[in-house]
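Chain naming follows the written order as A, B and C, and within any one chain the residues start at number 1.
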Amino acid sequence: MTAQDPVVLRLAGIVKTFPGVRALDGVELEVRAGEVHCLLGQNGAGKSTLIKVLAGVHRPDAGEIVWQGEPTSFSNPQAATKAGIATIYQELDLVEDLTVAENVFLGHEPRTGGFVQRGRMRRSTREILGRLGHAEIPVGRAVGKLPAAAKQIVSMGRALSYDARLIIMDEPSAVLAHDEVANLFRVIRDLTAQGIAVIYISHRMEEIREIGDRVTVLKDGRTSAVNLPARTTPTAELVSRMTGRSIEYVFPDRPAPAADRPSAPLLKVEGLTRHGEFTDISLTVGAGEIVGIAGLVGSGRSELLETIYGARRAHAGQVRVDGRSLPAGQVGAAVRAGVGMAPEERKSQALVLDEPIYRNVTLASFGKYATGGFTNADRERKAAEKVADALALHPRDVRRPVRTLSGGNQQKVVLGRWLLGQGTKLLLLDEPTRGVDIGARAELYQVIRALADDGMGVLLVSSEVPEVLGLADRVLVMREGHLIHEAPAAQLDEETVLDLVMAGSLLEVTAP
Amino acid sequence: MTEPGNAVAEAGGTPPHTTTAPADARPPRPGKARGGWWGGDASEPVRRNLGLVGVLVLLYLIGVFSRPDIFASGARLWSNELTVLTQAASIGVITIGMTFVMISGGIDLSVGALLALASVWSTTVATQSYGPGVMIFTALAVGTVAGAVNGILIAYGRMVPFIATMALMVAARGLSQKISGKLTQISKVDTINKIAETKVLGIPLLVIIFGAVAAAGWILLNRTTFGRRTVAIGGNPEAARLAGINLRRHQVLLYALSGLCCGIAAIMVTSLSNAGSSDHGNLYELQAIAAAIIGGTSLAGGRGTIVGSVLGVLVFTQITNLFIVNNLQLEFQLIAQGAIIVGAVLIQQFRVAALRRPAPPGA
Amino acid sequence: MSRTPGDLSRRRLLMGGAALSAGTLLAACTSNAEPKTSDAGQTKTGSGDNAAPGKTVTIGFSAPSADHGWIRAITDNAKKQAALYSDVKFTQVDAGKDAPAQVAALQTLIQQKPDAIVLLPQDGAQLTAAGKAAMQAGIPVINLDREFSDAGASRLLIKGDNYGMGYAAGLYIGNKLKGKSDAVIAEIAGIDSLPLTQDRSKGFKDALATFNLRVTNRVAAQFTVQSGQDVTANLLQAASKIDAIWNHDDDQGVGVLAAIKQASRKEFFMVGGAGSLDVMEHIKAGDTPLEATVTYPPSMASSAIALARLIAQGKGLSDLVELQVPKQIVLASETITKENVDKYLPLGFRS
């Protein structure tokens, strides 16, 4: 990018009000052709709303959008797409049962007289994927069978199929493992070289440094800084623009290896196997211990966690908690034995979004507050409030629907579910900090460590190697369905783990 | 060993260095503050159902305008409305069961056929010879067992509810025709026939049963673990499963409950018409679904109220009554019912959209 | 906390036992065996030469199998009548659930080359072509009740008289309410979209008009017991005082009578329609407001079989001078009252 590159998009004084809240309160933004413009801001700062304004989902109440020199107003998402603005949401909006080609051309299939020209569609898709450096993705495969990284490429392919001049990416790296992010950056550089502008949203400072050209910071619906140079602006300044104070990525101290730890492990997994997902996994987690599993998306780590929990039925092997064997494929038995889980997809796997916070907190235990089958909402609310206080949940009103909470707070609700005094001994955490902002992350780390200090065993899966290394006592490395390494976290560094974790290309790590 | 779970609050309550989020970053409050005696759990359904109460008032006003001799006279209005409630009783009981099934994200197309089967099975010459007790037991048992079959097909046979209950809809009609030999089985048992004629303190017994079933349904849905599981399963089946709720067992129970409601309704219809017939409950599945939907129950599951369903049934029954007392023909009635379904669903969609709008922005 | 396997199995056994005995009881409850069997709708074989066995003929039969007493009686009567003749082979094909299904069934029947076909169509107009095809194949078609749109599609038409039925009901009510110009007369029709319902209503209206009377309240049910009860319960609210009710259909009449009983209303009299056994028994007993019913006799199926046999054997009606069976027979709708009910009881069908 150079200063001579034309400005493709300019926002001035954008205001968007929802009942009871001013989500955007005067936002400025300037994006040039061929640049990667990073958008920074805490959860709740208005990033999502701003994206939706650009994507034509919301219409601003006031302010001006100038797109390629013309004052514009998008009445719906189709209008924005036609104008050349494509948005890739955090939760990819692909149709899992359709093929790659069908997804790329969804809604604007090449056709003659009402008939889709499938051949032409496939050829164009192949060409677009080639432009993205991923010609190896089979255009005829159902998208649901692709790994997350490949899905993201397909989403970008869809943007290109519309001849987009501006692509908005909402936390694209959140679902990607380390090497896949590098891949993504290569694709982004290719795009910008073709003059396409990118608005890039991420919580990860190192990514912004690497890929970004300029940064605009949002705070409470306002722009607190515009067009800062992405590579040279000190982190401290960026953070203070976001929050008004500095936040460090702090991990709590590990306790000294305790001699008094019970000798029998809390969780003992032996020879656990699910064909095509993982093979012959044996591991232990002690009481008070945090064990981290590092591995790429598709390495079988999430499937392993769900199998231990009984959400998937093991084909072979055994899971013992406190020496007692758990029946395969029965979540209820695992919960009764004191196992809790925070699954990878909060919204689709963990929360009933329209139900109030307290009912989500007590989802696994409302029976314990009931007398003779009659629920006791007061007791549930009080218990939930106690947990909400302990976890510093925002907002405190536990009768609000969970849908209205930010990602970090939703994650607290899921964690809180297992902290109600129902005797949870073992927590299985799958990507506990995905989509959670920096401040809330540190809090979550503290909470997790505090739980372990109090005797709970934790088995943690994360795509972020520093998180696994910083938080866990012991680290297991998983690759292609096998446990390939185990060591105390203190004896590992990021590069070693990455070396172990990385292998193969995008598709080789697919779960078949 | 220690009890880690008990330590929740203490453990999390004083994390070593809690980083407090900026005070001004808290998500916004909804437009109106909650409170007052209607606050809490009850407020949502009450507000949602005010529209239907409005429709009922409107229907009453149309009645006053078109037939003041009935709707503006105390005694005749009382008698007329008791008739409306009596005629609403059987479809009302079915709709209560349907509401549970729909809130759980399912659907039960077999209700009309199960009613017919239960009515026929309980009015055969053989059953009648055992007397009213066995007739009632038979109707309830047949309904419950057939409902459980629905549930087993869905939960353990992994069939889509639409398909499983459609299969039973067809099969149960067939079986009831086979049993009855396509004859109307006239009830000669006076106790059964008298149910529909009995009044307690001036209120028809059928209306009292309907009220009791609705009240029990309300308590079951809003105040018991059964109801909570139902809402959770409908709101997010995967989350419910991962929270340790036994999804399959609950599904079987839900469809059995719907079947039990069919059995109760079968006794009501048998008593009202003095006969069991494989024609009973014709199109009840559609009427019950329509009533639940205008009462605010979502076809996608997770949302619905008993009060709304009862109001929905009353709206439809009152419309039928209004058309007949005004000597108008059936076709207009069908048009009016269609219009009300569309209107009610549109209103609810706007309301749901309004409820969800104040979601905080932010990334 | 934990349950021993023994507990569990015993519990299962107990529950299984309970379920089993309940099941046995329930299964026993499906029995519909009547203490006495009625031979309703049974007719006679005729007399004279025509009763004597002739050459053996095959008669094909097709009628809808709706869940309705009258329709059911049609099939029953046809079967019974055929069984009376030693020289008749009776072949029945299922009419399926709609007209196209019956057309298909009929084609199969034509392939079998019966000597005559007795057909109650799902829909007269839609089966006309099929009737024609049979006639062209040299098979005489006896069209029962629902009339083809082309007279050439059948050798013989036997039908009831819907208009006449309504007219007869109107005459009965008119005669009783003569001169009472403000009389409240209610009509409970069947399925309103059917031509037969419209014919009945027109006959009723026309007959009442000759007495300067009119239908003040009209509702339509669905030919089912439950719908009969439902519309009647509301109808009785609409009119606090009624002089007379005509109900088109005795099947739905079971529900109509139940609603009247539940409302404890007695101030009016009622006329039924079709002539079911149940209704005739009520007329005879005088225990309901039901005073009369106008017939639409399912015995026409018995006559159709008898005449199909004669046509196939090339015989005529013995009381007619002509050598062949006539082209069209329209049955008169008769009025059954307490006075003549005994005569009609054997023709009553179970609803």
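Assume a contact is a pair of C-beta atoms (placed from the backbone, for glycine too) under 8 Å apart; a residue touches a chain by one contact, two chains touch by 3 or more.
Which chain is which protein? Per UniProt: A = Sugar ABC transporter ATP-binding protein; B = ABC transporter; C = Sugar ABC transporter substrate-binding protein.
Every value quoted in this text rests on a predicted model; they were computed, and no experiment measured them.
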By mean C-alpha coordinates, which chain is most distant from chain A?
-> C
Point out which chain occupies the most central position, where each centre is the mean of Cα atoms.
-> B
Give the chain pair that accounts for the most C-beta pairs in contact.
-> A-B
If you average the Cα atoms of chain A and of chain B to get two centres, how far apart are those centres in Å?
-> 39
Between chain B and chain C, tell me the centre distance in angstrom, where each centre is the average of that chain's C-alpha atoms.
-> 36
Per the C-alpha means, the centres of chain A and chain C lie apart by a whole-Å value of 69
Flag every residue of chain B that touches chain C in the complex, lowest number first.
-> 67, 70, 76, 79-80, 83, 86-87, 121-122, 124-127, 130, 134, 138, 141-142, 177, 179-186, 193, 196-197, 269, 272-275, 277-282, 320-321, 324-327, 329-331
In the complex, go through chain A and note every residue touching chain B.
-> 16, 18-21, 23-24, 41-51, 170-171, 201, 220-221, 243-245, 247, 250, 252, 262, 287, 309, 311, 331-332, 334-336, 338, 341, 343, 348-355, 359, 363-364, 366-367, 370, 373-375, 377, 386-387, 389-392, 394-395, 399-400, 403-406, 409, 417-425, 439-440, 442-443, 446-447, 449-451, 453-456
Across the complex, what residues on chain B touch chain A?
-> 1-13, 15-22, 24-31, 34, 40-41, 219, 223-228, 231-232, 235-236, 238-246, 302-303, 354, 356-363
Of all residues in chain C, those that touch chain B in their complex = 22, 25-26, 28-34, 65, 67-69, 72, 192, 216-220, 222, 224-231, 233-238, 240, 251, 254-255, 257-259, 261-264, 278, 350-351
